[in-house]
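In the two complexes that follow, subunit A is the common piece, with subunit B as its partner first and subunit C second.
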Partner chain A sequence: MYVKLISSTGHKVIVKREYAVTSITIKAMLSGPGQLAENEISEVSFREISSHVLSKVCMYVTYKGHYTNSSTEILKFPAAPQIAPELLMTVNFLDC
Partner chain B sequence: MQDTVTTSALLDPSHSSVSTQDKSSTGGHTSSTSPQLSKPSITPVPAKSRNPHPRANIRRMRRIIAEDPEWSLAIVPLLTELCIQHIIRNFQKNPILKQMLPEHQQKVLKHLSPDLPLAVTANLIDNENYWLRCCMHRWPVCHVAHHGGSWKRMFFERHLENLLKHFIPGTTDPAVILDLLPLCRNYVRRVHVDQFLPPVQLPAQLRPGDQSDSGSEGEMEEPTVDHYQLGDLVAGLSHLEELDLVYDVKDCGMNFEWNLFLFTYRDCLSLAAAIKACHTLKIFKLTRSKVDDDKARIIIRSLLDHPVLEELDLSQNLIGDRGARGAAKLLSHSRLRVLNLANNQVLAINTTLTSINLSCNHIGLDGGKQLLEGMSDNKTLLEFDLRLSDVAQESEYLIGQALYANQEAARQRALNPSHFMSTITANGPENSVG
Partner chain C sequence: MASFPPRVNEKEIVRSRTIGELLAPAAPFDKKCGRENWTVAFAPDGSYFAWSQGHRTVKLVPWSQCLQNFLLHGTKNVTNSSSLRLPRQNSDGGQKNKPREHIIDCGDIVWSLAFGSSVPEKQSRCVNIEWHRFRFGQDQLLLATGLNNGRIKIWDVYTGKLLLNLVDHTEVVRDLTFAPDGSLILVSASRDKTLRVWDLKDDGNMMKVLRGHQNWVYSCAFSPDSSMLCSVGASKAVFLWNMDKYTMIRKLEGHHHDVVACDFSPDGALLATASYDTRVYIWDPHNGDILMEFGHLFPPPTPIFAGGANDRWVRSVSFSHDGLHVASLADDKMVRFWRIDEDYPVQVAPLSNGLCCAFSTDGSVLAAGTHDGSVYFWATPRQVPSLQHLCRMSVRRVMPTQEVQELPIPSKLLEFLSYRI
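Entry: the complex of A and B
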């Protein structure tokens, strides 16, 4: 149901699994061997991704999950100019 | 350790889901994941700003838009695309290029505006496709082959030439050109300027004492018509190889005045100093600028023993014999390969020379044509030795024809000297009566 994404600084972000698998990389990480109980939360650690970038990625997957099957007007995704290059590299890795 | 839970309530308050909360935990206290309503971190969307009906967006009604290669079926673009679009929109304030992967750089360069300030793009972007778009955006006709096949070089050369062509001394700020130097010095190899505007001439104002028409006009200072001085510019272009100048004014229309076409003495001195100091200059052309003997000698004197100059073009000027002698001296004090003095006044009024021997010289085809042009007005030359001079057969033949005509005229003068004298005496009494 939910997954826990951990940044390089130990910051933990919990998102819905169905939103998190928007990232092909995270999907591949979560589809590994081992079955968890329904109420358990999978954890994925990203030692190279900083917390502000990881939180932005999580905002995006939630934003995408919300608007993909929605007929409402899509708002502009809030961008942070300072982290754009770092975010781009991370997103390229996560493939989302 | 802090736990943060993202929420979709921040996007739509009608959804009841996990909310955002910050808790400080001590001794392994775990956070609760049960849904709790709390203040979202992002302000929910007000209902008024939503567009309830998708038909209001006509593009969204269509499933496929084939004519737009950028259009995608995905309603929400990838975060990669959003980041790249953000970088493109903010490129002027925050130019990020080298830090990106090559494929991302290509996407950004493909969509960057060609109107970005040169201070941002000049020393950052080397991609030829970007500069191609800049050139096409600005000029309808582009011959990149004239600029070494480089669009970036073409852009900066034409941009600089445009600034020089429209520079008005005393009116335009010189910083307009000097500020461009740090941005273009590495790319400009050739400067071709076919127009230099003179300063604006204001009408002379009468001084209080000069009320009568008999006032001395000699006391009034002549207005200066010196053009843009190229010293600083040439010094700043560290890779300049070709300088092609014409001190001319185009499209003057009904505002024609002769002083628009003056290549002044100060212009000449400044130009001579500039080209002397430019040790990368290989080709120098100064044409159609009414350069006389004195100015030509000043220019040529500055080019003596120039380390790299290979071509000098002073054609279509007013250079006479003295200037030509200076050019001849330059031939033995430089690495000159090409010297062009076409359409000047060399030997124009010469009526004494009857024989020239230029045999066994490497005059060549072009030199032969120029000699032929010089012979067209000459009526006194009787002998012209061009053996083994690599002159074209046609030029030799036509020069021979001119010589034959001169020889025939000389023979006629020798045979009938009285014919010419009687003509003069017949006109004399009529003129004296008046």
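Entry: the complex of A and C
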């Protein structure tokens, strides 16, 4: 149900699995060998992704999961230009 | 002559969902021309929609009321309905009451409309605010109408009153645009081959005349950071002007016929132009390269055919506010919605005699005006943009292409950021 994503500084973010697999890379990492019981939380640790970038990614996947196939008005997602280049590289790696 | 590339199956393209239509009132039988709806416009804060009804009148419709009417009455909206259920807008400090409809008689055929707001859409330039004779209030919303005789009339949207009458053009004022930074600078494009820059905070003083076109100027558009202005006109002209020094930056070459419409993307990194040569080009305005071409006639016409009457003139183009979609309107009775990474449309809608199109402020509705004065509305294709695209828009809002090339990131990402995919 949930996955735990760990940043380079050990910051842990827990998101729903169905939102996390928006990122193709995370989906591939989670579907690796080793079967887990349904209510266990799998962990993925990213040693190159910093905390503020990782938390922004998790905000995005939740935002996308909420507004996809929903008829309510889609609000703007705030992406400040200061973190945008670093965020872009991470997002390119995660493919989401 | 096909409307889509040969590898696309026309029946697989989704038809857009109609939201509603505003039909022009019955015309007096003795008036033959003056009915056309050359421009449609939405207010920058989404509160009003301006509808040039033909025969010299413009109707200002509160947009959320209009949308509610469409949902309640199906698709027809009676033009002279007196709706009593007006929704409350977020009024600040009680300066305006509930938004009301206004019908404005402009005294001459209306060719262009533009909304201007003293509230900046983005805090991009320092605006020196001086209050003059007309005592513009805290958030002034103005409508500028460009007329057949070259005059420009400025109206207050909330009260429907005439504020200013700008007289200088000698020919039809074909397009008007306000700077998006709230400074109430208005640029008008006219068939007298010039563009004029007016400062409405200074009583409508004309600040500058931009000369350079050899023929009619059809349209103009500001970049979102108000630093550049694009003007397009007859004889294949596409010009970019620097709006701090009012000099011409460059000419963009590539079209084969008159260029009639232009629009910037919301991050200012792309410029779309529509031409009578059946094509819409997407340019990078910082270096003049053509990034994408959207064709409306297949096989693509040769330059001689493209430069003449080919029955497939593209009349209007508009960028959506998510920066991913473009809508174009052509003479083959179709409105097309494109994604900027595909060269065939993702949705189409039927429309006869369309002349202009514009996305609503939140990007959810496309309005198109027709030759008989009516307006039709469709739901735009919406999807959650990828985070990569959101980052790209965020970076490109502040960085032109030359600075992007200097960033220390991998070349594949540099190409993505420059929209060269």
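Note that the second predicted complex is superposed on the first by the 96 of 96 C-alpha atoms of A that agree within 3 Å, B and C clash if a C-alpha of one lies under 4 Å from a C-alpha of the other, contacts with A are read in each partner's own complex, and residues count from 1 in each chain.
The rule is short, and it goes like this: a contact is a pair of C-beta atoms (placed from the backbone, for glycine too) under 8 Å apart; a residue touches a chain by one contact, two chains touch by 3 or more.
Being a predicted model, the structure only gives us computed values, none of them experimental.
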item	value
Partner chain(s) touched by A:A84 [first = subunit B, second = subunit C, both, neither]	both
Partner touching more residues of subunit A, whether subunit B or subunit C	B
Partner chain(s) touched by A:A28 [first = subunit B, second = subunit C, both, neither]	neither
Partner chain in contact with A:K64 - subunit B first, subunit C second, else both or neither	both
Subunit B versus subunit C as contact partner of A:N92, first or second or both or neither	both
Set of subunit A residues, in rising order, touched by both subunit B and subunit C	57, 60, 63-64, 67-68, 73-74, 77, 79, 81, 84-85, 87-89, 91-92, 96
Touch list for subunit C against partner subunit A, complex	362, 364, 382-384, 386-388, 390-395, 397-398, 407, 409-410, 412-413, 416-417
In the complex, subunit A residues that touch subunit B	2, 10-16, 41, 55, 57-60, 62-68, 71-75, 77-79, 81, 84-85, 87-89, 91-92, 96
Subunit A-touching residues of subunit B, taken from the complex the two chains share	1-8, 11-12, 18, 33, 42, 45, 49-52, 54, 75-76, 78-80, 82-84, 86-87, 90, 93-94, 96, 99-101, 104
In the complex, subunit A residues that touch subunit C	57, 60, 63-64, 67-68, 73-74, 77, 79-81, 84-85, 87-89, 91-92, 96
